[in-house]
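Remarks on the structure that follows.
Going by the order they are written in, the chains are A, B, C, D, E and F; count residues from 1 in each one.
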Amino acid sequence: MATVKLLDDAEAEAIPAVKAVFDDIRAVRKSDFVNNFWRGLANDPALLKRTWEGLKAVMMAEGPLDPLVREMIYIAVSTANGCTYCIHSHTAAAKAKGMTDAQHADLLAVIGLAGQTNHLVTSMQIPVDPEFEVGHRR
Amino acid sequence: MATVKLLDDAEAEAIPAVKAVFDDIRAVRKSDFVNNFWRGLANDPALLKRTWEGLKAVMMAEGPLDPLVREMIYIAVSTANGCTYCIHSHTAAAKAKGMTDAQHADLLAVIGLAGQTNHLVTSMQIPVDPEFEVGHRR
Amino acid sequence: MATVKLLDDAEAEAIPAVKAVFDDIRAVRKSDFVNNFWRGLANDPALLKRTWEGLKAVMMAEGPLDPLVREMIYIAVSTANGCTYCIHSHTAAAKAKGMTDAQHADLLAVIGLAGQTNHLVTSMQIPVDPEFEVGHRR
Amino acid sequence: MATVKLLDDAEAEAIPAVKAVFDDIRAVRKSDFVNNFWRGLANDPALLKRTWEGLKAVMMAEGPLDPLVREMIYIAVSTANGCTYCIHSHTAAAKAKGMTDAQHADLLAVIGLAGQTNHLVTSMQIPVDPEFEVGHRR
Amino acid sequence: MATVKLLDDAEAEAIPAVKAVFDDIRAVRKSDFVNNFWRGLANDPALLKRTWEGLKAVMMAEGPLDPLVREMIYIAVSTANGCTYCIHSHTAAAKAKGMTDAQHADLLAVIGLAGQTNHLVTSMQIPVDPEFEVGHRR
Amino acid sequence: MATVKLLDDAEAEAIPAVKAVFDDIRAVRKSDFVNNFWRGLANDPALLKRTWEGLKAVMMAEGPLDPLVREMIYIAVSTANGCTYCIHSHTAAAKAKGMTDAQHADLLAVIGLAGQTNHLVTSMQIPVDPEFEVGHRR
């Protein structure tokens, strides 16, 4: 259950600003499937549009990181934030972009290790070594 | 300030189990520098050894993900967990492994986007689409 | 499933200290409905009473913030903490206090933006501008 | 210390896409002060522009929530995420928008209460009452 | 720097409701030292009193858990929440209550392990085994 | 639903490195039950082995903290991290190790209080008292 209404296709079609974004999602992804996240955001057409444009600019643009690496970074953040939906949707996206089981296992190992050392560091309140601070000090 | 003592070189030398790990850290990294995290863990030589062995197994082993990608995943987790020390040490490590400013900017953009959509999804309590659940259902 | 027993009305009636709080919840809210949170806390009558008294003092007292604003702040914290139950119960409470769909959408947009900028700031480890520190320095 | 360079005015002036955003920040805020967050984002002019446009659209637009309420929601999210910089900058912003000491105290009380009940709920794993799910079930 | 004023002794003395709590803190702890947390809360005498009464009821009452165990649980929560001040103050409190270096090391090892497995579980989205759900199902 | 396959007994038996760990889990716990966490980790036999060895070293070794206290610390971390599975599995483990309802209630009260004060401290950005810093300053 969501705390907002998830717009179905008929409801989305009836709002031009929503229809335009849904059409673009389908065109860009070459798929008729529009997942629930966008159907929830559709309650606020301006937020829907901004979020979709932001996602396209970050995840789909040409850039120094390849799309699969971006998906793995997304999964890492979503794990630490405990976002169930995000983990599911971006793990599916990563697999669709070719993530192998071995890469997934490697990703999990890094996430687990970071979780462990993050907690150890924080509990010991380790001060940042001056060696890490060279450069952009202000 | 840390909540534990950070062992200096003389103190570390005096405990054979600590000395052995510090020697390995220096040999593997080809550097005399041992950062504060290990100096804090050195209060518990068994925990020090396990953590260092775990880190070597995950971050330094041959595997499907390259070392720089692993560092970026580490930064992503550490950011969501708010671990200042970890962000500094692994950003330094990523740069040492060749992370360019453009890659860093791309990483930041993905982390920021994931932070935004994680919060939107959680606040709307979006249910997982059945399409994402195909496969490993139990 | 909860990790504690959720006391039903008969069980709650049988413990005078629990009955007293449940009676007060019903009287204050002018409703017979006692939600699961209180039924779980009822395993510890002293914790139940302290928590209910705290909630009344914060959420229901006359004060500078109106009750709906307080509910929206509650939703914001609960989202960042990933507390599903809390998001559901306080979104329902906010709607009962008159939160419109437009206000809900505005709330979501702020929560999403804060999530994004929180992550960007943390990953960049931006130092606090001295301009923000004027005043209560100690 | 930041993990990225914080561009000073001369460096910002030299990049037209950054200069344009900084000029807009100064014009919109009617102040010459550009805080460190934007100076860090300026390393990626496209991310800088998107983030500033998003902030204007959410925090400064006419809408159902007043600007001070939005700042308080921002502080609530930033607190739960442990973002020191964000707490400082948005508490300063809230005060600039008229937040009184009494409103600040009220905000803190709600944030503290939410933190407490979020933890209690999560530790007890309280199931969502069906009464909270009426409406948008899918 | 705090976002609120930290009341010094003269300021605290001038507000009877604050003075009463500060006097009780000193009497209960048998020490003249009042730490900054209470000096910040003193801006809201009612919140100060409620928080101090809650802390006495939880941390200082006779009960099934001994005071040192409670301090270690506190440190565990504070670590996962990334609360620097809380980690420092409660590690100091735990040491004052007799926490040995060996107990501290054991605590850290458990916190680190939990951080690791929490992240692994969440990233794999492991479903709860029915065996763990026997009992309080509702 | 998990994002990885959960290996059943036949699948686990077919991989010697997995079989060896599952055999050890059953032998150490004197139970045929292998919970889902290990079945998910079994996709990566090396990670499975490292995680199980780490858990044995921390949770089952003789040491200054008793096993029940360690489970309660685990629950505390898992609550703050919002790890549903971990809360369920370790609450079950704590009960199996003799945690009484009164101890559970005491644990919950401490977790809730820590959640509250963590949020209050963070929102007020209380600076660490010098009195807490005596000792291990570096």
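Just so we're on the same page, a contact is a pair of C-beta atoms (placed from the backbone, for glycine too) under 8 Å apart; a residue touches a chain by one contact, two chains touch by 3 or more.
Here the structure is a predicted model, which is why all the values come from computation and not from measurement.
Repeating the B-E interface with over half of its contact pairs identical by residue number, the matching pair from C-D, B-D or C-E is B-D. Comparing chain pairs A-F and B-C by the number of C-beta pairs in contact, the larger count belongs to B-C.
We define each chain's centre as the mean of its Cα atoms; on that basis chain A and chain C are separated by 27 Å. One simple way to say how far apart two chains are is to compare their mean CA positions; for chain A and chain B this gives 20 Å. Residues of chain A in contact with two or more other chains: 1-4, 6, 36, 51, 54, 57, 77, 79-84, 87-88, 91, 107-109, 111-120, 122-125, 127-128, 133, 138.
Under the stated contact rule, the graph of chain-to-chain touches is complete, every pair of chains being in contact.
For chain B in complex with chain D, the touching residues are 82, 87-88, 91, 101, 104-105, 108-109, 112, 119, 127. Taken together, the chain B residues at the contact with chain C in this complex read 75, 79-80, 82, 84, 87-88, 107-108, 111-120, 122-125. Within the complex formed with chain F, the residues of chain C that make contact are 1, 3-4, 43-44, 47, 51, 77, 81-83, 138.
Contact residues on chain B toward chain F in their complex (touch as defined above): 1-6, 36, 46, 50, 54, 57, 128, 133, 135-138. Chain contact summary for the complex, chain B toward chain A: residues 1-4, 6, 33, 35-37, 40-41, 51, 54-55, 57-59, 63-65, 69-70, 72-74, 76-81, 83-86, 88-89, 91-92, 100, 102-103, 106-107, 109-129, 131-133.
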